[in-house]
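Before anything else, here's the structure in question.
Labels run A, B and C following the written order; every chain starts at residue 1.
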Amino acid sequence: MSQTDPLTRAVEAALFAAEAPMTAEALSAHLGGADVRLALRDLAAHYVGRGVELVERGQRWHFQTAPDLAHLLRRTREEVRRLSRAATEVLAIVAYHEPVSRAEIESIRGVQTSSGTLDVLMEAGWVRVAGRREVPGRPVIYATTPEFLTHFGLASRKDLPGLDELRAAGLLDPVEDAVSAALDLGGDVPRLDRDAADEREYPPPALESEDESA
Amino acid sequence: MSQTDPLTRAVEAALFAAEAPMTAEALSAHLGGADVRLALRDLAAHYVGRGVELVERGQRWHFQTAPDLAHLLRRTREEVRRLSRAATEVLAIVAYHEPVSRAEIESIRGVQTSSGTLDVLMEAGWVRVAGRREVPGRPVIYATTPEFLTHFGLASRKDLPGLDELRAAGLLDPVEDAVSAALDLGGDVPRLDRDAADEREYPPPALESEDESA
Amino acid sequence: MTEVASPLLPLETEDWNGPAAARTDDSALYLELDGWEGPLDLLLDLARRQKVDLRAISILDLVDQYLNYIDQAEALRLELAADYLVMAAWLTYLKSALLLPRDEQEDPSPEELALRLQLRLQRLAAMREAAARLFARDRLGRDTFVRGAPEGLRVDRKNMWQCDWFALVQAYAQVKARTVPVVHMVRDRLVMTLDSALARVSAMLGVALDWMELRDFLPAQAEPRLRRSALASSFVAALELARLGKAELRQDAAFGPLHVRGRKP
């Protein structure tokens, strides 16, 4: 590389290490009174077209990343995350009952719903605020978005299966019925010998998870 | 100015903007998986002789001001941490012998090491716990960190001053090894005559800068 | 560079890294002792004053200088740390051993002990010099500087939420199923009471001669829930009969089949 003038090197190093932009006067004072103006021009010219540039703003000089590379300083990393059970339930309730307020969601779910859950659904772009209900307190009401339909492959909300279809698919069977059905099927009598362990066990009902934070 | 390769510009901008040294891998990940090694070499060559230089320390890269400009920049900076003489010795022992246990450090120094000494070095980020030695008692062993290399301007541990000479002279081997080696050779035992202080001049130790002596 | 003087030897300037004090009088001793990090450090200091390669020092001179130093400290009634005195005792022993005729020397030989001391001094000296060279390097934050105001690299995380149609529909169905009002009804169940089990087991034991498995006492054609009740009641009945001395119970292994036999009075 070409020989660089000592004063230019000093100006380069001083501006690089400086914690704030510096005026030519401050630089000069720092470098023993030398006239730094020429060095500043040389430096600015040297950095043209590089990843970093020397710029003057309000008579103060500083290095900065070339503007066209600013996007390099901020990168976005996408992380695939599965919707929590609680958030899925809330999304389903919004989809089936929209527009719906948070109080209504809670009354349908039978459990409290943290605001974080709705935030997640809005971040995902599937739920939006659809105004306020004109009742005392004017609660915010929520509805699904076109992105929701796209993501779940639905032409419209009418494509969601109705209660009758859910019942026919066995998805609405209460837990009690399912247990007795299993008992009726299981003809094995528990014995007092070691084979008793093979008695049919009904899968325990799924645990109610209230993992709203996800 | 010459046209600069886009990847080189990107690497230059990213390293200028980075708040800590970066490995080639981290840089590559940040820049969308590009192979940055050639760009790093080009950049390092470009900055040779300038007021700022690109250096590699423990496989991590960063820009820093040229060392010969220290006198221009130092006065505006607050003093770096002062270490006790004990701490500087312990740091040298860890660096030249790593990984090393506290007992080994003490056997070299001939005194107990107060627990604060290693704590100071770990707090400075220069020494870390590197596991345990698989011998009775499983003593904790210590080693230096990448920050140590960065601070002392070492590309790697191989650059430790005088490392090769110390190794060749056996001065990094335990005393026991040296004793048995000497006895096997049957020779080099210390002189007992008082007037033997003649021949070789012992090379004077390197200067210790004023602000380091505790 | 640090001006260094010995408290015992004539004033001199040296380029080693010992405790700093430009004093020659004995009153400096106390401060000096504070400056050394243990007896090995003091020995190294003394050895350096011989101005030769550490490999060529005279151990006997070194021993004399150290003992002389300790004597003076004691004459001034300075409190010496125990390890300085331990080293003094060891050096006294080493000196006397070294002065013995060779054929009277013990094992390990004093030469080996002296070598050991010399090797330790060399190693300490090497590390001290290494430390000095290390700290004399261009150090980041003192001699070289990183960028004063870096823009910083930021990585923003963006979540890509995943959920499929079935999970959605299933979740709704479960909410519905969970919140449907539930009516609990207890069905009338066929049971075998303890009394009837007692009568039944007693009667069967009366006709059986040998061990019988408890299972064989159960009604053969009963529906499952009755069989379960009968098993429990028959087991309790068998225990009760055994308590009354009317039956014997046998089980060959834990969880194995339970056998019952009538006991003739």
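The rule we apply is simple: a residue touches a chain if its C-beta (ideal position, glycine included) is under 8 Å from a C-beta of that chain, and two chains touch if they have at least 3 such contacts.
It should be emphasised that the depicted structure is a prediction, and the values quoted were computed from it without experimental measurement.
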Selected interface, A-C versus B-C, where C-beta contact pairs are more numerous: B-C
Farthest chain relative to subunit C (centres taken as mean CA coordinates): A
Cα-centroid distance, subunit A relative to subunit C, in whole angstrom: 40
Centroid spacing, where centroids are CA-atom means, of subunit B and subunit C in whole angstrom: 29
Residue list for subunit A, restricted to those that touch at least two other chains: 13, 16-17, 63, 65, 72-73, 75
Sequence positions of subunit C contacting 2 or more other chains: 145-147, 151-153, 155
Residue numbers on subunit C that touch subunit B, as the complex places them: 1-2, 15-17, 20, 37-41, 48, 50-61, 83, 98, 111-112, 114-116, 118-120, 122-147, 150-153, 155
Footprint of subunit B on subunit A - complex, ascending: 1-4, 8-14, 16-17, 30-31, 45-52, 63, 65-66, 69, 72-73, 75
Residues of subunit A touching subunit C in the complex: 13, 16-20, 62-65, 72-83, 85, 87-89, 91-93, 95-96, 108-110, 120, 123-124, 126, 151-154, 160-161, 163, 166, 169, 171-176, 186-194, 196, 206, 208
Footprint of subunit A on subunit C - complex, ascending: 145-149, 151-165, 167-180, 182, 184, 214-215, 224, 227-228, 231, 235, 255-258
